[in-house]
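Step one of this worksheet: look at the structure below.
By written order: A, B, C and D. Residues from 1 in each chain.
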Amino acid sequence: MYILSENFFLFLEILTSQDVAMNKVVKNAEEAIQGISDGMTLMLGGFGLCGIPENSINALVKSKVKNLTCISNNAGVDDFGIGLMLQGKQVKKMISSYVGENAEFERQLLSGELEVELLPQGSLAERCRAAGAGIPAFFTPAGFGTEVAEGKESREFNGKQYIMEKAFESDYAIVKAWKGDTDGNLIFKATARNFNPLMAMAGKITIAEVEELVEPGELDPNFIHTPSIFVNRIFKGENYEKRIEQRTIR
Amino acid sequence: MYILSENFFLFLEILTSQDVAMNKVVKNAEEAIQGISDGMTLMLGGFGLCGIPENSINALVKSKVKNLTCISNNAGVDDFGIGLMLQGKQVKKMISSYVGENAEFERQLLSGELEVELLPQGSLAERCRAAGAGIPAFFTPAGFGTEVAEGKESREFNGKQYIMEKAFESDYAIVKAWKGDTDGNLIFKATARNFNPLMAMAGKITIAEVEELVEPGELDPNFIHTPSIFVNRIFKGENYEKRIEQRTIR
Amino acid sequence: MLDKQGIAKRIAKELRDGYYVNLGIGIPTLVANYVPDEIDVTLQSENGLLGMGPFPTEDEIDADLINAGKQTVTTLPGSVFFDSATGFAMIRSGRVDLTVLGAMEVNERGDIANWKIPGKMVKGMGGAMDLVASAQNIIVAMQHTNRAGESKLLQNLSLPVTGLGCVKKIVTNLCVLDVTERGFELKELAPGVTVEDVKNATAGKLIVEGDIPTISV
Amino acid sequence: MLDKQGIAKRIAKELRDGYYVNLGIGIPTLVANYVPDEIDVTLQSENGLLGMGPFPTEDEIDADLINAGKQTVTTLPGSVFFDSATGFAMIRSGRVDLTVLGAMEVNERGDIANWKIPGKMVKGMGGAMDLVASAQNIIVAMQHTNRAGESKLLQNLSLPVTGLGCVKKIVTNLCVLDVTERGFELKELAPGVTVEDVKNATAGKLIVEGDIPTISV
């Protein structure tokens, strides 16, 4: 058994030094979305309007980037979330599991301006996770015998029928976290977690916007949802509206 | 939009009442392993000797149950962990990624008493996770072109070669957690997490032993590693030895 | 006839102590109101919550805490949050003991259609296809006929299928049916409903054997 | 000739600021001691730790905190723990920027053997097959010849393969080589080592073009 030399202490010093930064921190959403260009495929975190990357979406709207393919469980509402990108006719195709809350979406779909690919929600989640795990394809029972299975391989395992789904390919994943550190570690809050950590794993480049940005060491290493290695850019978002779709009370 | 009736308050009362228990809590390891019988397949959490279910292993040794197939990344050392089950000749087959720390293992393997199936560590982890996720099979690049690929389907995706690996099937999964609540929610500590949450998802019946057993509500719902639904039996373990394999210090 | 609450009450009788239950939107959600006193069930919301509590008070509302129907909810002691892949891992691996959902149509073989009407705007299947493909124990809660008065219990589906051979039990405003290899087996009648009423409202093969008890809720 | 520390020092020059690095057992681990002052790298341990710190003091030892070599280690600010499926997700999805590992043999096509010697007790591949099948940037650190004095750089492997076509660079006690479609390209010589020495110790096809600089460490 070998013993690391005293140089390791020097190494430790370097790692903890404030002089050296990973340079993942960007100033704001505008800087974070640099490089996103026409025709790209984006993953956008959130379930309904819960846990969506509000700042980044607003910056995308301002950027007027277009012909985007968006992988997101939902498509926002008419005047919030991805709905704003639809208003700007920036989206060529949506890959989602449920898109029922958006009149502009319906109009563009019926007029043929917008293409939509609907997938079972669990398959959508797992195809993100697969991309982040280097798993190119997997089998799921969801959708066997339905329209979703068309053009997909099906196979029996242990007497049950499954279809093969492939990992998503995307250029950028954009997620919203509750807290993050400057290394890129992320923590999500309650059910705003949803697709965010899965998409964070999956992007070629992953952008995270957070409500609170802290220094490395401030988050408990045992309770981090997305390890820093998956995050390329991080910034503190501003003015979160956090709109509620179904405000149900007792 | 409907509003739940006032009966939901009654429902709330029931859920929080101490009178009604999920009955997942068992007294000790002996009670926890009831039902494990000759010829079964067990998953055992841990990496090396780190995070292994010490109490349950000791109870299995005492039970003298035999002809077991054990899925575990390692096989313990001669006088600790799964090594104790090997001493008792209780194991028919080991499915592992690394078994180099155990002389009795070597003796039984060379004499033909013990069968071993070696798998890449990542495939072992993913086959546990797949079982817990209802994914019967997936593709991984690990092992393509090697002995590991023999008898397995291989396929190209995006110009790269992969082999198909299947979800594990096991009768019981036995894991060790740091803290758990009586509903079965689990938290692991540091790198003692390793295979434990993956196997916890995967067992037909999952047994968890914990260092601290607390009441529901004492663990922060945002920071639980294994949701209760995956755990069938839970108990507070005693006298953890936590043996260290490579005691390296500065 | 049962009203929506009646259907929910009857389904609640299928709950067992310790069950993890996934309730769909609509009538299924009402089942939560009728959990028997002596048992304890845990509600799963596939977006990322196990142990769903009641709607919040005005003060408790948290935009970051919603259920699969996108409604604001609360937690209970023992609740746990997770990502959506884990939510569906629970479902696909068969850890959810009972799934209750609505349907547009069910056929004699237990195939279900509940996600798409050709010619109408498609909203999407959400988690329905994962649920019906995975759950061992699915109860459909629905009206026996549609708004046009046509049977929703058919020999063959007219709408696009959501999942094959998955429905085991149906509770409608008229009756309780088991779906078996023989067809729709009539098990219980709603108060005031006759076998003849059910026959008239059922387009698929209906099996009626012996005396049919009245639903007690 | 380079000793083990020398090999580690040379490999450390391949590190870049911000790299996530996985270091195998043996010589590769020593690379951590020679990270240049001006850059910041993060060590990944596939069992479940990103941001591995140095060995603990006697007081800091924690049996629940070990690396992939089963050694007690520590954390650093920014460290994070995860399960082993996530550990290999990072590896398979190409998020690890540099992987350094030992080898028993490498052939001209970059195939590597490092897990099994027929006739000897097989210990297992651990994470090696996942690492070599996934990493984009693999450096092999090893002695140029085995204990019997035979070359470990071969035309064809004699031992069971761990992964195909994955090794891009090799640093041995004698030299630095790139593995290209033409074979082993000699890039740098260890101090005191001649091209002839490398030729004699290399069984596979060796490409020597132009002046070969001496390794500076």
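Points to keep in mind about this one:
One rule holds in what follows: a residue touches a chain if its C-beta (ideal position, glycine included) is under 8 Å from a C-beta of that chain, and two chains touch if they have at least 3 such contacts.
Quick caveat: nothing in here was measured; it's all calculated off a predicted structure.
Here A-D and B-D were compared by C-beta pairs in contact; the pair with more is B-D. Averaging Cα coordinates per chain places subunit A and subunit C 31 Å apart.
Centre to centre, using the average C-alpha position, subunit A and subunit B are separated by 30 Å.
Contact with two or more other chains is made by residues 54-55, 71, 75, 81-82, 85, 88, 91-92, 134 of subunit D. Looking at subunit A, residues 1, 3-4, 8-9, 126, 133-135, 140-141, 188-190, 221-222, 246, 248, 250 sit in touch with two or more other chains. Contact topology of the protein chains: irregular, matching none of line, ring, star or complete. Annotation, chain-chain contacts: A-B, A-C, A-D, B-C, B-D (touch as defined at the top). The residues of subunit C lying in touch with subunit B in their complex are 5, 17-18, 20, 29-30, 32-35, 37-42, 44, 50-51, 53-55, 71, 75-82, 85-86, 88-96, 134. Per the touch definition, subunit A reaches subunit D in the complex via residues 1-5, 7-12, 14-17, 20-23, 131-135, 181, 183, 185, 201-202, 215-217, 219, 221-222, 224, 227-230. Residue ranges of subunit A in contact with subunit C, taken from their complex: 47-51, 73, 96-100, 106, 109-110, 116, 118-123, 125-126, 128-129, 140-148, 161, 178, 188-198, 225, 242-250. Residue ranges of subunit B in contact with subunit A, taken from their complex: 1, 3-4, 8-9, 126, 130, 133-141, 157-158, 160, 162, 166, 187-190, 221-223, 246, 248-250. Contact residues of subunit C toward subunit A in the complex are 45-49, 54-58, 61-67, 69-73, 75, 81-85, 87-88, 91-92, 111, 116, 121-130, 133-134, 160-164.
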